[in-house]
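See structure below.
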Amino acid sequence: MPARLFLQADQPWVDWGWLSTHVPYVWAAVEQHLELTVIAVVVGLALALVLGVLAHVWRPLRFPVLTLFGAFYTIPSIALFAILIPITGLSGTSAEIPLIGYNVLILVRNVMVGLDSVPTDVLDAADGMGYRRLARLMSVEIPLAMPAIFAGLRVAVVSTIGIVTITAVIGLGGLGQLILRGLIQDFRTPLVIATVLCIVIALFSDLLLAGVQRLVVPWARNA
Amino acid sequence: MTRIKRSRWLVMAVAAAALVIAACGGSPTPGTTSKGTLTVGGFNFPESDILAQLYGQALAHAGYDVKYKLDLGTRAVVVPALKSGQIDLYPGYAASELEYLNKGKGEATPDAAATTDKLNTYLKDLSAQALTPSAAFDGNAYAVTKATAAKYSLTKLSDLAPVASQLVFGAGPECKTYKFCLPGLMSVYGLHFKNTLTLDTDGPATRAAFKNGTIQVGLVFSTDADLDQLGLVVLQDDMHMIAADNVVPVIRTAAATDPVKSLLNKVDAGLTTTDLFTMNGKVSLQHQDADAVAKEYLVAHNYFA
Amino acid sequence: MSVGDLWRWLTDPANWQGSDGIPTRLGEQVHVSVEAMLIGAAIALPLGITLGHYGRFGNLAINISNVGRAVPSFGIIVIAFLALGLGDWPIVLALTALAIPPMVTNSYVAMREVDADIKEAARGMGYRELAQVLRVELPLAVPLIMAGVRTSAVQVVATATLAAVVAGGGFGRYIVDGLARSDYPRLVAGALLVAALALATELLLAGLQRLLVPRGIRLLSAPVSHRVTAAKVA
C-alpha cells in the first residue's frame, strides 16, 4: 500500500502566515458554527424535555417517540440536508431540522432514563408531603433526572458540533466551509485549522457543561 | 425535598440566555439605505467563487447590499436555487446553461450571442434571463498526462479514438448525462473508454486519480491554471464539440433592473479568458482568497474609480 | 419526487447490477467498515481490557471517547484524502480512528465494573493473571464491551457514507450523485439504504452479543455518564 502523497507534497499542514491574515475569516466561520450549534441544542433540548415528560407520564407515547426519532437518527445527515433543499431551501432551516431531530433522540432517551431512575420512595415521600403532580415533576423529578439529562446534553453538543461541518454541502457549514475549501482547492491550512478548532470547541463545550452540571446538580458528582 | 434553589435556576437561565444572545450577536447593523439586496450564488469550483465575487463586489460598490451563497454544488443545485429565489444571480456559462435547461437537445453552438439568445428562451420559464455574454470562455476540456500523450502521440481528442478502449476516463457525477461530457465524447469522437470513474468535476479527486494512474483521461476546465504543474496536457477539441461556454450572468428578472444589468455587462465586457486563467492561478496555486483576487482585478480595471 | 419514483428506482433491475448497482455499493461500504472495525477492535479492545484490568490510565481511557466524539468525521476524511489520495486505505484509516475511542472506553469501564470480590475470589481459587482475565473477568465484561463494539460499528457504517464526498464508493455515492444531478429517487434511496445498513449492523451485533453473553449474567449497569452513548457523527 504505497502512500501516495497528494499534489503539493511540500505544502505545510498549517501555513501560519495564512492564519495570521485570515483571523476574521476563520472567526466568521466559528460564529456561524456556534450559531447553528446553539440553536440545534437549545431547540432539541426543549423538544426533548416536552416529549420526554409526556412519554414518561403517558407510557404509550414512548414507543412511537423513540421509534420515530430513532428512525430519523439512522439516516445519514448529508442525505437529510440534501433532501431538504427542495423543501426548505438552502437555508438555516434545512440545516437545523436534521440537527434538532438528532438531538431530540439523544436527549429524549436520557430524559426518560433520568425520570425513570427517580427512586419510588422519593416519589412517595413527595406525594406524602403534599406535592401535586406538576409540582412534583418540576421540583422533584426533573431535578433528579438532571445528571442523566446533562450526560445526554454533553453528547448532543459534541455530536452537533461535528455534524454542523456537513452542512457545508448546502452552502452553510461554519467551519465546514473551511474544510470544503481545503478539499476543493487542495489547500491544507483551512482544513486542518477547521478540524482542530472543531475538536477544541467541542471539548471546551463538554468541559463547560460539566462545570455547569456541577453548579446545578451538585449532589450527583459521578459524571 | 430537594428543590433547586432559586439562585441556581437563575444561574442556569442567565447562562442559557447568554449563550443564545452570543450566538445571535452577529446581526448586521442597518447602515445607510442600500439600493436593495442581491444574493449571488456560485458553483463549487474556485473560478465560480471568483466570478461571483467580481459581480458581487461591483454591485456592492455601486450601493447594493450583497449576500453570497457560494460553493453550492452543480447546476442541479444552483438553477433550482435561482428559480426559487434563494439566489438572485450566478455566473453561468452560456452553452452549458442552455444544454442543462433544454435537457441536452444540442442547441448550443460556438456562437456566443446565438447561444445566449436560445438560452433566454428557456430562462423565461424560470423568470430569469442571461445578460450579454463575455468574451471570457471556460468550457469542459479533456486532459491526459504528458506521459500518456507521449505514449500514444495524442494532441487532439480525435487521436483518442483508436486507443480509448485501453484508457480509463474520470469525471464528475453529472458527466454521464451532460452533453459536453461523455455523451459528446461518444457521439462526436466515437470514444469508448475501458472504464468511466465517477470522481468529481475538475476537483481534487480527478487530480489525485491522474497522479496515481487510476485514470488516464480526465475532465478539467479550459481555464484551469494548475494543469501544467500537474503534468497534464489538454487535448484539442478539433471537432468543435464544446460550444460557446462564455461567461454570462444569469439573473432573476425581478432583480434585473437596468442599472444592475449595465453594471454586470460592464464587468463582463472587460473580462477575458486570460484573466480567468490568471485569477484561477492565484487561487489554485497561491491559495489566495477568491474575494481578494476579485477585488484586485476590479481595482486594476478601475471599476472602483 | 413521489414514493412511486422511489419505488421504481429501487425495483429497477438496472440499479441492482454493475459497478453502480446496489450490491456493489453495499459491498464497498461493508468492506471499508469491516476493515476499519477489525483493525480498530484489534487495537482498542486489548488496550481497553488491559488498562481496565490493571486500573491504569483510567482518566485517559474514559475521556478518549469524549475526544473521539469531538473529532469531526468530515474533517478527518478530507484530511486522510489529501494526505493519502484516492482509494480504500485513506477511508479505512479515518474510520479506524473514529472506531477506536468508544471501544477503548467501554472495554475499560467494563473491566472496572467487574466486582472486586469476584476478582479476589478468582485469585483465591488459584487463577493466574491471564486465566483470570480470560475466564472470569471477560465473560462478565462482555455485555458492555459489546455495547462499545456496537456503538463503534454503527458509527463507522454511517460515517463510511461520507467517503463519497472524496470520490469513494458505497451508498454515499447515491447521495452525492443524487444531489449533483437533482436525482431525488437516487438520493433518497441512498439515504434509506444507509439507514437500513446501520440498522442491520445494530441488529446483527445485538444478536452476536446475545450469543456471547453467558447465561445468568445480566447487563451490567455502568452510570449513564460513563457508558458511551452512541453519538451521531455523520
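We call the chains A, B and C, going by the order they appear; numbering starts again at 1 in every chain.
The rule is simple: a contact is a pair of C-beta atoms (placed from the backbone, for glycine too) under 8 Å apart; a residue touches a chain by one contact, two chains touch by 3 or more.
Values in this document were obtained by computation on a predicted structure and should not be read as measured data.
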item	value
Shared chain contacts [chain B and chain C, defined touch]	A
Distance-maximising chain from chain C - centres being C-alpha averages	B
Chain B and chain C: spacing of chain centres that average the CA atoms, whole Å	37
Intercentroid distance (Cα basis), chain B paired with chain A, Å	33
Centre-to-centre distance between chain C and chain A (centres being mean Cα positions), rounded to whole Å	20
Of all residues in chain C, the ones touching two or more other chains	81-82, 85-86, 166, 176, 179
Where chain A touches two or more other chains, by residue	4, 6, 85-86, 168-169, 183, 186
Contacts with 2+ other chains: residues of chain B	73, 77, 80, 204, 208, 211-212
Residue numbers on chain C that touch chain A, as the complex places them	66-67, 69-76, 78-79, 81-86, 89, 158, 161-162, 165-166, 172, 175-176, 178-179, 184, 187-188, 190-192, 194-195, 198-199, 223-226, 229, 231-234
Partner chain B, residues of chain C touching it in the complex	20, 81-82, 85-87, 166-167, 173, 176-177, 179-183
Complex interface listing, chain B residues touching chain A	1-4, 8, 11-12, 15-16, 19-20, 22-26, 44-46, 69-73, 77, 80-81, 84, 86, 203-204, 207-208, 211-212, 226, 230, 283-284, 287, 289
Footprint of chain C on chain B - complex, ascending	73-74, 76-77, 80, 172-174, 177, 197-201, 204-205, 208-209, 211-212, 214
Of chain A, residues touching chain C in the complex	1, 3-6, 71, 73-80, 82-83, 85-86, 102, 106, 109-110, 113-114, 147-148, 150-152, 154-155, 158-159, 161-163, 165-166, 168-169, 175-176, 179, 182-183, 186, 188, 191-192, 194-195, 198-199, 202-203, 206, 222-223
